[in-house]
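Order as written gives the chain letters A, B, C and D; numbering starts at 1 within each chain.
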């Protein structure tokens, strides 16, 4: 029985930098910026975005001028359980999504097993509280058997009897893992992250958003600082 | 145990007609068309699209001039199992989707139980054959128990122990029913239908596409004839 | 010489109400709202959105949950000079645009003549100041002749010599009037208006945004109050 | 008087290759392809797409499975007259556009002067015939003066009198040159090109589409062969 409690997003490719954002905006004035030296004595060739260009990016984000952020792109490979994939799949404006399909694939599925169960929140909109519930199921035996073993046995049973995978998959739980290629603009991914890093987002979904925001912070540090949630550093 | 083998899309609202499509195209020439009488002796006030306007719609569809089809809109309420919802959710360009969430809802779920299981197709890309498999599970007892009873009992058990619904739902199978409001342009829905009425589409998903195409055929008869699959009449 | 200093947007059709927004959001909780009586003694059948539903709309707007606003739609016919159309044409996400084309139309064009010329702003980003410049051109003769008469005579001259309209139009000024059908969701139009009602938007473009926002305010009063600029009442 | 009869699109950046398209599609089957050697005796390390992967790309294009083509991206800087920009601006789904603005820029404008004027077509939908009209204007003097000199003098006159550039620009003809940064997916640009390389497209617009399709052919040779018009080689 293949189980996991780890998943996330892996960056595959990027196009553009913070300077692309700046220059997409500066074209309005028919101007172009360039990197400037930060006078690093150790690495003299090191260049950064000028203070003026950094200010421009913050101005664009603050005023909602999003189009300059839509000329840079990222591509990820994401692995997550289906109930998480379904939440992320809602973000589609400016994003492309191609996913493993259990219509075509009938290999042994893998299942997400949470490290801990969270308590129901008092406020329904909250989704869950931070309190951990010790459920009356032992992870090692009954739990895995009841939650994964039975559906998996049924899935395999259906396949063995010749049932098509596209129907058989309906007996698999929403904790079944899936994978997809996800591409889009810096702007589109910053919207995903902003919404899914929010404290009210489901924690299982936040983990994917954290991986993506990490890539944004590395490759587009100034833009992500300007576009991201103001308290994005300590979200987890 | 709430089960069903029926689901589909219900039309809630529409805006525009085939004439809206015609007039969105005719604006290029600064012209406007109107309905014409079809000289019905029984109902003299009955009006239809002129032959010339019908020809225009077919011309637009054939040449891929899709923008005139994007000024008319439809809104549906759809009910379907999650594995079907996931396929339809891939169509998002120009469509809006708001769905029941089991983060917030913990009422007794309903499950889809197929009337018959289809055999695996020889060609993987086909998804399934037309042949029915008689699976070694009696629908009345073991099947429902193993496929739905066990996951449902586990779901309820987790909820009773105070686990948050947003986590508990992961044990529910992908046959769990969901519902959503789905809105968009005539063009956007015609793309969904064209892809999901295709013989290679999964039959469970085709049922929803058939309901939607029925609404398109009723409210936009000329446009749907022009945009739809050429063999759309006998798709089921 | 056909000139005008008036133009704007005319509402052609709408689908949905503030209640559609509410119910697209409430579907998450599998709930549905309805209109409530406002106990109007004069018109007892008069119904409005409940206080709770009004609060929900403001909450959705504040939190950036835009999808419920994308299940209601509007269609406009807009008339404006080309330099204004070009600014509005930048808003295309979720909007459809079909326009009169001077590739196909060679009727006498109409020109926009401003009632007054505004002074250049000190701050370039501002676009223009509120101060009026009295330009050294008399509107009645030299101005119209130089700015419109000469290009128009050249346009007509080219056409008379057999030049195709698609090329001849390049001599027409950007004050030439055009018309288009513009459709999209309540959300998409609220974004257009929010950006183009901003004090830094060009005044000529603001006029169109004001017409559209008027339609939003009439047909979706609660949503527009929640989505619109906080100072939208006295923008002009 | 700055005039030109040359313009077009310059590729600035790309992300991905034909192999990205293949692997975005193969993820459905949880497979991954790689480049293969073409056994070039001169350059042994030279790699290409396998015959099987080439076939897959053609299959995807033929069946309208466009999402795998939306994980690769291109960025261009385009220079064109306004009447051409307006046609291209209609393509916005999945594309980002940031342009020089004459609200902010008041430098000497440049104008497009056609090398030849084409005759009006018999069929209005055609736009223009291939026949050249020798217009009764000498390019060197009267033409430039009437078509460009007068509007330019008026533009400069308005600016000198303090009129804001955002209003003054309305007297400039639609032959005024503009520039923009244009980014989007391989799929989005292939749609632009397919429509604008069509024989019925305006020739001035086709020039930009030709530059873009050249970049597509260079960087995504298999995909562009599959997505492009079947007669794309001799379009001009």
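As a working rule, a contact is a pair of C-beta atoms (placed from the backbone, for glycine too) under 8 Å apart; a residue touches a chain by one contact, two chains touch by 3 or more.
Chain by chain, the UniProt names read as follows: A, B, C, D = FAD-dependent thymidylate synthase.
Fair warning: this is a prediction, and the values are worked out from it, not measured in the lab.
S.K.: What is the minimum number of touch steps required to go from subunit B to subunit D?
M.R.: Between subunit B and subunit D, the shortest chain-hopping route counts 1.
S.K.: Over half of interface residue numbers shared between subunit C and subunit D means same, under half means different, so which is it?
M.R.: Same residues, largely: of all residue numbers at this interface, over half are found in both copies.
S.K.: Can you check how far apart subunit A and subunit D are, centre to centre, with Cα atoms defining each centre and the answer in Å?
M.R.: That gives a centre separation of 33 Å.
S.K.: Please tell me the distance, in whole Å, between the geometric centres of subunit A and subunit B computed from their C-alpha atoms.
M.R.: Using C-alpha averages as centres, the distance is 28 Å.
S.K.: Return the residues of subunit B touching two or more other chains; collapse runs of consecutive numbers into ranges.
M.R.: Answer for subunit B, listing residues that touch two or more other chains: 29, 67, 90, 93, 97, 104, 124.
S.K.: Note which residues of subunit A are touching subunit D in the complex, please.
M.R.: Within the complex, subunit A touches subunit D at residues 13-16, 20, 23-25, 27-30, 67-68, 70-71, 73, 75, 94, 96-101, 104-105, 107, 179-181, 183, 185.
S.K.: Considering the complex alone, what residue numbers of subunit A touch subunit C?
M.R.: 29, 64, 67, 90, 93, 124, 195
S.K.: For the complex, which residues does subunit A have touching subunit B?
M.R.: For this pair, the touching residues of subunit A are 81-83, 85-86, 89-90, 92-93, 97, 103-104, 112, 114, 117-121, 124-125, 127-129, 133, 135-137, 146-147, 150-151, 153-154, 157-159, 161-176, 202, 204.
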